[in-house]
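Two complexes follow with chain A in common, the first pairing it with chain B and the second with chain C.
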Partner chain A sequence: MNGDSVISIEGATKTFRDFWLRPTVNAVDGLSLEVRKGEVFGLLGPNGSGKSTTIKLILGLLAPTLGRISVFGLSPRAVAARAKIGYLPELSYLHPFLTARETIMYYAGLCNLSRSVAAERTRELLKMVKLEDVSNRVVSGFSKGMARRVALASALVGKPELLILDEPTSGLDPVSTKEVKTLVKALAKNGMTVLMTSHLLADAEDVCDRVMILDRGKSVAEGRVAELGESLEEFFLAKVGNADEFVLADFLA
Partner chain B sequence: MRRGRAIVYATALEILGEPLALLVLLASLALTTLAPAFHYHQFGEPSRMARDAGISALLLGGSVIAYVGTLRTFRRELESGTAQSALAHSVSRTAFFLWKACGCLVAYVVFAATVSLVSLTVVRGAEIGGALAATTGDIARLWGPSLAVALGACILPVVAAALLNRFKRFRFALTSNVLALVVAALGVAYRFDGALASRLLPAFALAAAPSLVVMSASAAFALRFSSNTASTLTAIATAFVLPALGNYCLSDALADGGSVPWAYLAVAFMAVVPAVALFLLIGIHFINERDVQ
Partner chain C sequence: MNSFWRIFSLEFTAFVRSKSLAMLLAASVAWMFVAPIVFGGDGTEEGARQLTVHYSLGGVAALLSVVLLSSATGSIAAERASRRLQLTLVRPVRYTSIVIAKTAALTFAGAIVLAAAACVELVRQPLSRPCRHVLSPVLPTPQEEARAMYEAFVNDPSTSDAIKKTKKSVVLRFLAQRAFDRYETVGTNETAVWSFALPRDMALGAGAMSGMCARLRFTNDYDMRQDVRGWLAFDDGESLWSGCVSNITKAVVEVPLAASPADGERTPGALSFRNEGKSGLMLRPRRDVNLLVRADGFGWNLLRAYFELVAVFALLVSFGMFLGSALGRPVALFAAIAALVVSEMSPSVIEQYPDELEKDAIDAIGLHITRAVAAMTHPVSSIEPMAKLAEDTCVERREVVRVLVADMLLAPLVFAFLSSLVMPRKTYD
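Presenting the complex of A and B:
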């Protein structure tokens, strides 16, 4: 691990087990990767390729079966490591009984911010995600896109050094999608390290410096976006195939 | 501490905002306030009926709040994914579990305090009203104050909360719970009887003790098992502790102006505290061992 390394994974394997501890699936299989300070790193892959599991290993939510993971040189379970991380999960996962303002204040509290700083940042973030007008409404009544924006604001409230975005544009309309991509670029320009997953290759192509393509828990390609060929989509399909299309074609024939 | 405050606040808000919590509170208050009016005063002991109803409500309603509230908030946190969002922040799993348990305790204390304070008011009213009814033969002197307290404690907070919800978007169930506590406190302060309070409070504390065990067991088992299995295990675990608390007849202790001796209360809590500590340790083990996804 060099001095610039923010995330370092060496040979990580995650095997899920059933109640009787029998192995059910190898979600991540001998994965190694390194994310360096200030870069935007994309984890790409089809459904079930292990992207979200990798992120949960990095956050210490899952314990690796094998291998070594460090974040800012610390164990992912260390509170000091997670103090520098902002996390936007794949689904927004908000407390339905809290308002948008209370939700961001809740996460500000978890980041150990004082009440006045938390209130100030909450106000700024609500303005940034354009939810000022509905800030006192409970989030259970929000659309998917609005909930996504609350979750994004919650991820940024602690001013993290590392931002982990799991499918950040999922559920957002084209305008909001563009805004998120612009935001990621701006954050990276200010020195923030970003790790993101996406199904949408165009998103990764637009904002990522480097990408890794996962398939069945293993890395099948890694490199700078420009080095992977003219079209990331063609490269992706060549690496992991497009089995769904063939199955569907057979069915329709 | 800021992390703790955020978790405690959200947890208490969730439990007290549940319609079930309000229904249990209103049922408990209705039972307590209307007990002296049942069959007018034919049983002859309106204040004793009010007191026993209050203790029963505290024991039964409190157990429901402790068990359902705790189990639901922990299971929801894990099943809805909010636990992973919280634990991705700079809070340790042990701290998250303990602060969340504190949030459950705060919600329970609001319920228990409301029922206890209303019980004190009703018992006091029944004592005064009963004596007047006996001398004047006017039974309205007995159930009149009882109905007034019932109106104040049950209906007033609900109506006020409904109006605040309609015009100010306040949370209905949460506001009702808080207003009921405020009304209950004002009721006791209006005609405070120190002797009555010191006689009944140890009994209320004793009635609340099993709920603490139920709460900690629910919290621990909810982290490892499904809701059904956690419920069963909580019931079994509580059954092991309850016999130690159940060999004591509260009604006998309180008869003829008696009280629960503080020494007995201390002995009861010497059984409760290790049980609560044990379940919290089991909970800490479960949350640190499990994958959160």
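Presenting the complex of A and C:
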């Protein structure tokens, strides 16, 4: 691991087991990757390829069966490592009885921001995600896109050094999708490291510096987007299956 | 600390905004007014008061115990199932802080509801009605007595061979139970003497000792009552207090003791009973003899009982949190209720089957488990704040402090630590 490395995974394997501890599936199989400071790294792959499991390993929500994972040179479960991470899950998972403002304030509190700093930061983020007008409405009444923007603001509230985005544009309309992409680029430009997963290859092409393509828990390709060929989609399909399968997988996702 | 208060606030807000708190408050206050109508009493003013206090406030405490246990098992388990928990776990918060904050919030909610019910009770009971310290004779513990009896018991030819071959620890337990229930015979014109230790705050002379009673239970398990006559006397070190027992028809008698001239040999702290009846009397010193000394008023007693109940809530909530951390919600709730039932039943099961001298291995295993549960839950099951409050028996300060430290501080910390070990090992898929 060099000094610039933010995430380092060496030979990580995650085997899920049934009630009797019999192995059922290797969700991640001997995966190694390194994400460097300030880059936007994309994890691509069809459904079930191990993208979300890899993210949960990096977040410390799962422990690897084999291999070693470090984030900022620390165990992913170390409080000091978690203090530097912002996470946007695939679905928003907001507390339904809190307002948008309370939700962001809650996560600000978990990042140990003082009340005044948290309030100021919440105001800025609500303005950024364009939810100022509805900031005092409970989030259970929000559309999927609005909930997604609250979740994104919550992920950013602690000013993380590493932002992990699981399908960040899922559920967003084209305008919001473009705004998220612009935001990711701006954050990276300011020095934030971003790890994102997506099955929308266009998103990855637009924002990622480097990508890794996963299939059945294994890395099948890794490199800069430009190095993987003229069209990332063609490269992806060549690596993980034919076009019909991909379209069907996308339709079902 | 900031994150602790955020999680506390979130948990409490959830309890408020889901209307759980409002519904519990309404149900509890309503029950406080309905209970006296349902449990009218036995026709006496004292009986009505005892039933009212016991069932109204006791009913609220029972309701809260079940609701808080259920909410606690769901707090972490349901958040994990809805995947909201992972958003907290990835933040820079210690896992123990998450559990402790949630435990504190639910306990606080329970404390608010109980306080509302207690306020209703305060309004309808005279605050200054005195309660009483219940003192027991100073005797060797049943275990000490059992050890002293052991050699003689196993060498006694009438002791069966089966018992002689049984493990020493089992025989000692059997003898300890026998010691606890040991009867003492007081023959006609004989005097029995029991020694009492007065706590320092009670040994304050005539003012503090006024209203003192001796309580004797002249009965056995078959409720045979006897005609009792005699004299009771207690020496507090400064004065002699005495009272007459005459021709009683009640199983339990409370004899008021009045200051009387002291002459002859003095034995401070000794309660003596001289039997002047026609026949000998039997009573169990550990169960049937007490000295009742005036303590403070109902208001203070209610406050102490309240703290004990809140401490029990904290214990239940932290136990529920631990189960919710380790198991899915339905399994955690089932396990919590099963554990609660077993802990409630274990003392009576042990009393029914005091030893495992029988051969059946299944019975022996069952008794071992029941005994282990009883030993673990003894700190909770042995306190009876509601019964004491109803009978105007003082909920002792020492007991309150012990319960607060054990149930509200140590147990939640232990359960939070165990939860923090279990939580990251769950699969967050």
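Note that the second predicted complex is superposed on the first by the 242 of 253 C-alpha atoms of A that agree within 3 Å, B and C clash if a C-alpha of one lies under 4 Å from a C-alpha of the other, contacts with A are read in each partner's own complex, and residues count from 1 in each chain.
The definition used in the following text is that a contact is a pair of C-beta atoms (placed from the backbone, for glycine too) under 8 Å apart; a residue touches a chain by one contact, two chains touch by 3 or more.
On a predicted model such as this, the values are computed, not experimentally measured, just so you know.
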When the two structures are laid over each other on chain A, do chain B and chain C clash or fit? clash
Touching A:Phe72 in the superposition: chain B (first), chain C (second), both, neither? neither
In the overlaid three-chain picture, which partner chain does A:Lys56 touch, first (chain B) or second (chain C), both, or neither? both
Between chain B (first) and chain C (second), which does A:Phe41 come into contact with in this model arrangement: first, second, both, or neither? neither
Touched partner set for A:Phe142, first chain B, second chain C, both or neither: neither
Have a look at where A:Ile85 lands relative to chain B and chain C in the superposition and call it first, second, both or neither. both
Counting clashing C-alpha atoms after the superposition, which of 225-233, 333-341 or 351-359 on chain C is the one that bumps into chain B? 333-341
Overlap of the chain B and chain C interfaces on chain A comprises residues 56, 59-63, 79-80, 82-83, 85, 87, 89, 91, 93-95, 97-98, 102, 105-107, 109-114, 154, 158
Of all residues in chain A, which touch chain C in the complex? 16, 56, 59-63, 77, 79-80, 82-83, 85, 87, 89, 91, 93-95, 97-98, 102, 105-107, 109-114, 154, 158
Given the complex, residues on chain B that touch chain A span 2-3, 5-7, 9-10, 13-14, 17, 80-82, 84-92, 169, 171, 291-293
Parts of chain A lying in touch with chain B, wherever the complex brings them together: 56, 59-63, 79-80, 82-83, 85, 87, 89, 91, 93-95, 97-98, 102, 105-115, 136-137, 151, 154, 158, 164
Counting only contacts in the complex, chain C reaches chain A at residues 2-3, 5-7, 9-10, 13-14, 17-18, 82-84, 86-94, 424-425, 427-429
